[in-house]
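What follows is a group of structures, each given as structure tokens.
Look for subunit A in each of the two complexes below; its partner is subunit B in the first and subunit C in the second.
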Partner chain A sequence: MKDEARARRLTSLLIVAGAALLALLPFVGVAPFTITLLTEALIFAVWAMSLDLMTGYAGMLTFGHAAGFGLGGYAAGYFAREVTGDFLASLLVSELVVLPAALAIGFVVTRLSGAAFAIVSLCIAQVLFQIAVAWRSVTDGMDGLVGVPLPTLLGVTVHNGNQLYLLTLLVAAMLCLGLRQLVASPFGRTLGAIRANADRAAAIGIDVRLHKWLVFAISWAIAGVAGTLMVFMKGGTTPMSLHWIESGNVLIMAIFGGLGTLFGPIIGAVAFVFLRDAFTSGFAVWQLAFGIVFVVVVLIFPSGLAGVVSRSWMLLWQARS
Partner chain B sequence: MSRRRAAVDLNFLFINILNGVVYGAFLLLTSLGLSLVFGLGRVVNFAHGALYAMGGYALIAVMHAGGAGYWLALVAAPLLVIPIAIVIERATIDPIRHRPDVDTLLVTFGLSSIIVGAIEYVWGTGTTLLPAPAPFAGTVNVLGNQYPLYRLIAALVSLLVSVGVFATIAFTPVGLRIRAITDDAGMAQALGVNIKRLLTLVFGFAAGLAALAGALAAPIFAIHPEMGMNILIDSFLVVVLGGLGSLTGSAIGAFFVALTKSLGGGYFAEWSTAFLFLIVAAALIVRPTGVFGRGRVA
Partner chain C sequence: MASPLLVRGLRKNFGALLAVDGVSLEIGNGHVHSLIGPNGAGKTTVFNCISGFLGPAGGEVRLNGLDVTAWPPHRLVAAGLARTFQITQVFGDLTVVENVALAARSHSGMNLRMWPRLAGEAQDRAYAVLDMLGLAQQAQANADHLAHGDKRILEVAIAMALEPRVLLLDEPTAGMSAGETQRIGRLIVGLTKHCSVLLVEHDMEIVLGISDEITVMTQGRVIASGSPDAVSRDPLVQEAYLGAVEAEKL
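Right, the complex of A and B next:
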């Protein structure tokens, strides 16, 4: 128990130190383009962490995680364009749309589990995608929502580049700390019990549906934060943000990094963004390389990159003692 | 005046129904393969759409490189895809069958990306249009409408092949083994069924069906690397609605999905697909095993 508390403090320290290190990057001459890629990677990291909470910790495999992300992006983008670009206000509005939607949808779909849940989650994201395409008066259809202003924070305009990077980093670090707290809490431990065996969890008196429902809502809410950041970074959004290919991408990031680990999704998101950038000389080559890496990871390193790291760490540890 | 308007409306309805039936025949072919592979090995095959696209590209490869006619290429395309699918199954799916279902789902997702990427690498991202093949190039008069003859022929071929699949499973020794594995894999193995070999064969066979559907559909929907993605999603809806692993359910589901799409598309444009997804989600919530399914879902 004492070791656990120490490990938890160590993790918090690691998050803060990592964030501080990343915050130094713009001041040590890192190229602006790399900063842009890092911003995108951090947004994806937030999104992948939210998926990890649902899929990795609670064992609910989702193929429609673009839903919360895209919905949050549309809500924040529309509000920012029509009313004010204030970041906190936009974030609040985004959550006021995403959270009730997640609570309503989650209430119904958490009746399902396994493959049925995975497929229905895909269906829900596809419904939102179709609505974004069809509801032209609000979403501008396939053209997408454009003309989202730069965000302002407490009255100060946050410019693209270093400023947005630091804002994103701050949000990502805070969410990461929050998630660490959450997964170590009794609530988080209960999720582990549900993932391991939902029937047994129910048998010892855990309200499985209530927990799944809450996780679903929290996960969507965090995805909505990522969507809000993304809509400000891109200055707009399109229905493609809700497409199932995006759901596949975020799933891959989390798996690539390692499901059920705190840092896995972050590593996965960074690897995804930089690998994609390295390969985008030709889209076909990227997709081919992406597929090969993906299959190899699942076949040979099923616990993802984090698994590789922790396994090597374990081996080192054993060799030392 | 109003009677004439009613006639026009009725005609519009009729053409939409006809289009739905044609699309349903293709969906039947693709979802049968999806359902078989799930029923036997509990593999949710995300690469099924990519194999469908592979069929379309195998068709044009045989036609352009080999100088063959459409019909010969139509037969050759699945025969080219089947061995590739068998190699894929042995190399990537077979080694992880003992792992949770989720892992095979993820691998097939990656495979889909590899296949589509390889197609784009070799043939580029462009769209290839194929004219309707020789004896059926024209149109035919259906209740006063000029309807492309090839569509009806292609639908007929799909239906005949599907009936063949049903007959194979219902009446042949191989079909008996397949049904045995679907019922109880452990017991089937104890009775001497070579499960490993049969799972590989069925995967190859299902890929062949997808490839045939892709090649058949090529003159109707055009060929492009992502051509399998929409049909994959629709086929998923079919098997989920019909019950994963239930072939009869797939047959009914295929026409339900296709007709809903084409009728809805005729009157409500893009809203129809959203509506269809809602129906499927609602059906799954009421009956998690699928409307016609008997077994478990996960």
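Right, the complex of A and C next:
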């Protein structure tokens, strides 16, 4: 127990140190384009971590995780364009839309499990997609919501590029720290018990559905934060942010990086964004090339890239002692 | 004083199959009450209906006088009813003590706490339960690495961490050697200091040795109920279940 607490403190320290290191990048001559890619990767990382909480920790496989992300983006973007670009206010409004939606939808869908849950979550995201296409007076349909202003933070405008990168990094680091605490908490351990054996968990008095419901809401809420960041980065959003292709992408990031690790999805998101960039310039069908890399990595390392890292780390450790 | 567990007219069907057909039983305070019968008699279905894993089609279940019919499992646990499973279901990749601590935390309502602070009370209670059941030596072992008999006892430990008033044991000696069976028999008798026990069991020596009352089921119905002596002398029971050889011995 003591060792565990110490390991947790060390990990938190590493996250802070890693974030500090990443914060230096704009000041040591890293190209603006790379910073933009990193910003997108960090936003995806937040989104993929939220998926990891639901799928990796609680064992709830979802094919519709674009829902919270896209919904949060629309709510924040619409509010920012119509009222104020204040980042915190937009984030708050986004959560005021995402959280009640997640609680209502989650209340129903967490009665399901396994394949039924996965498919129904997909359908819900597709329903939201259709609403975004059809509700033209608010969403501008397939054209998408455009004209979202630059965000302001405490009255100061956050410009695209380095400033937005630093803001995203701050949010991502805070959420990463918070999620690590959450998965180590009694609540997080209980999620592991539910994933391992839901009947067993129920037999020791765990309200399985309540836990799944809470995880669903927390996961969507964090996805909504990612959606908010994304709508400010792109200056708008489209119905495609709710599409099942996006749900597939975030699942790929999380599995590619390693489910149930939180660090894995970060690595997966970074790999996804940079591989996509490398392949789009080299191949006409970048998805094909990425798909092959994905299959090879997952075949060789079923626990994802994070599994590779932690295994080599352990080997190194054993070799030393 | 109300019976710790009272079941009246319990019915459960799976489609056209009537698996449990009007089963009634009453457990005395601090007693071991055994539920026996040939395979397919509906014993496990009765267990699942009482413990909330199946919704009964009719009848009622009362826990200390409180009507708990069709309550979900977690509420029943909170009301003082715990169960084990016929097929061992421990959390294999957790340590023995962590398995028990999970139950202890759930019992004290700590499992919704979203900030780490694992040590303390739940851990202490987990060790106390392991101590009581003689598993303290293996506390730090991975649950998967335990011998089969110890795993079965871990099942009981997990249930006891919930401080139940009524404990449902589903074939605790399944797959055990004769020596281990003796051990778990003594252990169950020891548990009656803390709770009443409803036991589903195939090992007749254990059943006749430790039960205060026995209820016999065949084909979803109760055919006899009473003290071990009375039940083993019942001709219906001898015919349906115990068999001629067993009957001669008794």
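Miscellaneous remarks
As a convention for this text, the second predicted complex is superposed on the first by the 317 of 321 C-alpha atoms of A that agree within 3 Å, B and C clash if a C-alpha of one lies under 4 Å from a C-alpha of the other, contacts with A are read in each partner's own complex, and residues count from 1 in each chain.
Throughout what follows, a contact is a pair of C-beta atoms (placed from the backbone, for glycine too) under 8 Å apart; a residue touches a chain by one contact, two chains touch by 3 or more.
Owing to the predicted nature of the structure, the values given are computational and were not obtained by experimental measurement.
Steric overlap between subunit B and subunit C is absent once the structures are superposed on subunit A; the two fit side by side.
For the three-chain arrangement built by superposition, the Cα-centre angle with subunit A at its corner and subunit B and subunit C at its ends equals 80°, in steps of 10.
One of subunit B and subunit C touches more residues of subunit A, and that partner is B. Contacts of A:177 after superposition on the shared chain: neither subunit B nor subunit C is touched. In the superposed model, A:205 lies in contact with subunit C only, and not with subunit B. Of the two partner chains placed by the overlay, only subunit B lies in contact with A:134; subunit C stays clear of it. By the touch criterion defined above, A:114 reaches subunit B but does not reach subunit C.
Legend: residue contacts after superposition of the two complexes on their common chain; A:292 is shown touching subunit B, with no touch to subunit C.
Once chain A of one complex is fitted onto chain A of the other, the partner contacts of A:30 are absent, as it touches neither subunit B nor subunit C.
Of the two partner chains placed around the shared chain by superposition, subunit C is the only one that A:197 touches, whereas subunit B remains out of contact. For the pair subunit B and subunit C, the least inter-chain C-alpha distance in the overlaid model is 11 Å. Across the complex, subunit A is touched by residues 51-53, 72-74, 77-78, 82-85, 89-93, 98, 102-103, 105-107, 110-119, 123, 158-159, 161-162 of subunit C. Within the complex, the subunit A residues that touch subunit C are 1, 4-5, 8, 181-182, 184-190, 192-193, 196-197, 199-200, 202-208, 210-211, 214. Residues 44, 92, 95-96, 99, 101-103, 105-107, 109-121, 124-125, 233, 236-237, 240, 244, 269-271, 273-274, 277-278, 280-281, 284-285, 288, 297-298 of subunit B are the ones that touch subunit A when the two sit in their complex.
Residues of subunit A that touch subunit B in their complex: 61, 108-109, 111-120, 122-124, 126-127, 130-131, 133-134, 244, 248, 251-252, 255, 282-292, 294-295, 298-299, 302.
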